[in-house]
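Structure, as structure tokens:
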Amino acid sequence: MTQYRHSRRSFLKQTALGTTALAIAPSLVMGTRAALAAKLSLENVHVEAAQRAKELTGGKPVTLTILEPSGSLGNIKPVADKWKADTGIDIQYVEVPLDQINQKVLLEAVSKSGSFDIALPASFGIPDLVTSGILVNLDELAEKYEPEGYQKDYLYTIANYYKGSLYGYETDGDAYVMFYLKDWLDDPEENKKFADKHGYKLKVPDTWEELDAMMAFFHRPDKNRFGGALYRTQFFIAWEWWVRFHAKGHYPFDDDMKPQINSDAGVKALEELIAASKFLYPGARSNGLFENFEAFGQGDKFCNIGWGGTQKFLNSNKSKIKGKMAYGPMPGGIVKGELLKTPYFNWGWNYVVSSVSKQPEIAYLFTLYACSPTMSTMAVRDVDGYFDPFRQVHYKDPQIIQNYSAPFLAVHEQAMRDSIPDLYLRGQGEYFDVLRVNVQAADVGEKKPKEALDEVASKWETITRRMGKQSQVVQWRFLKSNYPQGIRGRLV
Amino acid sequence: MVEQARSPAAPRFVMRRAYRTFVPFNVAIALPAQLTVLTVVLVPTLIVAWLSLTDWQPTQGIPWYQAEFVWFWNYYDLFHDARFVAAVVRTLLVVTGCMTVEFLLAMGLALLFLDDWAWRKIAVSIIIMPMMIVPVDAANAFFMLFNDRGPINYLISIIIGRPFEFAWLADPNWALLPIMLSEIWQWTPLMFLLVLTGLMNLPENQIRAAYVLGASRTRIFLRVMLPLLMPVIIIALLVRSIETFKIFDPVYILTRGGPGAATETISMFMYNGAFVYFRIGYIAAAALMILIVVVAICFTLSRPLKRHHR
Amino acid sequence: MFGEDKAWARCLKRTAVCIAIVIAFFPIFWLISTSFKPIDEWQKFPPVWISSQPTLQNYRIVFAPKAAQEFAAKQQGAIGYKVSGSAWKAFGDSAVVATAATVLSVLFGTLAAYSIVRFHTGGDSYPFQFLMVRIFPPIAVVVPMVILFSMLRLSDTYFGLILAYTAFTLPFSIWMIRSFIEEVPEELEGAALIYGMRPLQAFLKVTFPLIRGGVLATALFVFILNWSEFLFALTLTTGHVVTVTLQVANYVSASSGKLYGVQAAMGTVSTLPVIFFGYIIQRHLVRGLSFGAIKR
């Protein structure tokens, strides 16, 4: 009896195994083929992404909600409308003021209300959002859908990743660019005077020393001419210091997350920044973005610092200097005898998917769609939006060339390629807040530069400790390894 | 908390229950209000007390009830936090400043409106209009007024005879002024109404008598009217102080507490700490401290008020 | 009261009153005036007091964005701001939240006030417990409320906001209505009781009609508070519910910065209900804002 049962059981087991094997095997083969087939093709990624999304809806009406910063609708709506036409999926918008969007996404991590599927936070806030758990880790979905070479013609992708995983696609080209008045640079008399004084002719400056010298040279307030329209308000002053510091050839932290910003290089960078403040126009300490555009557009200040948005204004009919500008990347410094240029990517917007969303896969497909070469070009074309060019194809589009002007785009593209990233660490807001407050205190004379930077360094150590040093070190080393190739080896 | 006390001496109609209910009737009808307040005020306060002992931040990736305890270190850090102390001091400054100006203006105006004259009613209606503007819109209006190329600077440059393009809201020393002016502009009419009501309710006989007896107007005002007006003044000052202490809308709209932290009041400090830096545990400690202090002050003040009200 | 003023004193008084009126009205005037200005006049220097080319474009952007875009396409220099939706949603949301919160607040408040006045529920200090709610700085309570609401699935919902508003206006409701009820002698209800009415019936049939005006005034007063509320709306919502106080900050353009004219238009219209109701209950404002302590 037992023998019979045993053998029957084993027979059944064997047949079961056999049938399952037979069942699995083809599906394994089919599965891999299907998986391979699922990866979209690069040329038609937008068409195929739309197709896939449509399939996923299964015929049911689906709505995606996007949390976007006020004013960016010009970039998103054309793409979203086309998406609706291609897939039948409706897009709804939730607008929040642009300085609040990161906080709203982080608030969602606490409140989990599910009020948006996709969001457009500023890139520097991504680490905080990742650690709070509100962003979907897109590695799996990218593995499934992202075509080969999708990110290849992206000029800046550092913000897309945190500790090696993908969390969102960059959708804005916020590389810092310098603007100069061409007439002043080319003027032969000025050139002679300057060359006599400094030994080289006027040109788009390569280093901060040259820029500071030129600003000092052109600063003639009695004749209503000013050296620079740079910013000395809190947010901007920290950014300028950040570039000046990197241009001296150093990372802000060493490999163990010990701050290096209060080294001699850091102090010197701050001292030079403070010295340059003398040659700025009177509104430098109080003007915001649009006041700066208008002020520089008057044509009586030598240089300005800004982004693509600045150029869109200066290249429009509202500015008096349309077509009269020369452009340059961020000035660099001489490190070990050679010129080191350190363009800087600050701000930026990333499309991310909320972990509370009920349809993360469809949401991901939308972000893939929106950042595809064809669709993103359509988005960047609109003048009334924040998105600046970020893919190589953008620079060839006639409308975009008309918006920004070709000489600007040439400099912008180069800057995007070699940009050093922002401080993509958890607690970025806190790190930079301490930096901001102290750099400005030094600038107005409340603190000595060394004192200010020492305070920043000690506060940074406290913040790192609070955030968990081990975890921060992992991300910092990952970030370091992502610095542009030409710069990585030259910073210490 | 819930009893059916009977006032001892005075005979009253006794409300007797005509039927038995599970919960006393008077308690039952007060329950909805009580429960709402419990849910929205008491439970959050308990959560704040818990959070204040932790260092929870949403970016830690763990739910709040699993946060690590740091016990009283948050309170220690707060006492040594220059920014927090500055916020408290600044708020007290704003409250005293606004109260003084509001009171003096309100008193002065109320005295002007004491007598009846032709278009008095219309004048009162216009003067109380600022009270009836949504505070956010009033703050936006002041933002536009204090623009460095706005009407206020224009008027000043006319008065002093040379161009005046001062960026009020970007100057750490002066940015508090537009905020205080916005608050004063909006709420002086309220003080004015309260003081005016008080003045109109004053017993005329005493004042007439003093006048007839030859006392000067100033003397009558200081020695007769003011003391009689004291209860109204105290209530008005108390109510407005409490509301000004909580000031948030003008600060948020005009400066966000900036430049830097130069105009941070307590509410702004807590908002920035909790919703910009998301240091929830730390701010919970600040919140609890403020709550305890405010409640303590009100307890000490409430006894004389209760006596007055009975 | 003091006898006749001398002529110069009267003149001085009139001037002072005139100055006060001008100061009171000026910011409001500026808001309204800016709402009719075209974009190039918003930050002109010297400032434009009354626009020489008034336009309705700002209002169009607020209420009829499509019409605004068509107008901008036809008219050179008019702003064609792309907005995701009109402000009708904001007005709708504000109306829903404010009305519901007002109804609840007045309902609960009346019942509680009745209980406190006639039954002396909770003793002497009970009403002051409600007053304490008003003394709490809302920001101190908002932080845990976000957490509490997320656990109760109330984040960014109408009901959550309504609940918060109700709780924070209950002190006003209770104290105001309490002062109205106290003015009605208890004997009236006592008489009704003798006729066999139950206590609540007696209250509703006898006292309530007498305080109806006061209850209405309280309701309008609470509505004004709810409509103007900002902090809770800012922190307890993440975009699904938008009130008028939040919508104003959304009028920012990528190419022109803050849209002052549009914000002014939104501000003007959103303030109208408050002005309207405020003037209706003008007589009761004193009582309300002093928690019933000061009456005419």
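Each chain gets a letter, A, B and C, in the order it is written, and its residues are counted from 1.
By definition in this document, contacts are C-beta pairs under 8 Å (C-beta built on N, C-alpha and C of every residue); 3 or more make two chains touch, one makes a residue touch a chain.
None of these values were measured; they are calculated from a predicted model.
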| item | value |
| --- | --- |
| Chain pair that, of all pairs, has the most C-beta pairs in contact | B-C |
| Chain of greatest Cα-centre distance to chain C | A |
| Chain centre separation in whole Å, for chain C relative to chain B (CA means) | 16 |
| Chain centre separation in whole Å, for chain B relative to chain A (CA means) | 42 |
| Distance from chain C to chain A - Cα centre to Cα centre, in angstrom | 41 |
| Chain B: positions in contact with at least two other chains | 64, 275, 280 |
| Residues of chain C touching at least two other chains | 147, 235 |
| For chain A, residues that touch 2 or more chains besides their own | 107, 110 |
| Contact set on chain A toward chain C in their complex | 65, 67-68, 70-74, 77, 93-98, 104, 107-108, 110-113, 115-116, 288-290, 309, 312-313, 383-386 |
| Of chain C, residues touching chain A in the complex | 80-85, 146-147, 149-150, 155-157, 235, 238-240, 249-257 |
| Chain B - residues contacting chain A, complex | 55, 58-61, 64, 148, 167, 170-171, 258-261, 275-278, 280 |
| Chain C to chain B touching residues, read off their complex | 1-3, 5, 13, 16-17, 20-21, 23-25, 27-28, 30-31, 34, 43-47, 49, 104, 107-109, 111-112, 114-116, 118-126, 128-145, 147-148, 163-164, 166-168, 170, 174, 186-187, 189-190, 193, 198-200, 224, 227-228, 230-231, 234-235, 244-245, 248, 260, 263-264, 267-268, 270-271, 274-275, 278-279, 282, 285-286, 289-291, 293-296 |
| Contact footprint of chain C on chain B as seen in their complex | 1-7, 12-13, 15, 17-19, 25-27, 29-30, 32-34, 36-37, 39-41, 43-48, 51, 64, 108-109, 112-115, 123, 125-138, 140-142, 144-145, 147, 149-151, 154, 185, 189-190, 193-194, 197-198, 200-201, 204, 207-208, 211, 217, 220, 232, 235-236, 239, 242, 245-246, 248-249, 252, 266-267, 270-271, 274-275, 280, 283-284, 286-288, 290-291, 294-295, 298, 302, 306, 309-310 |
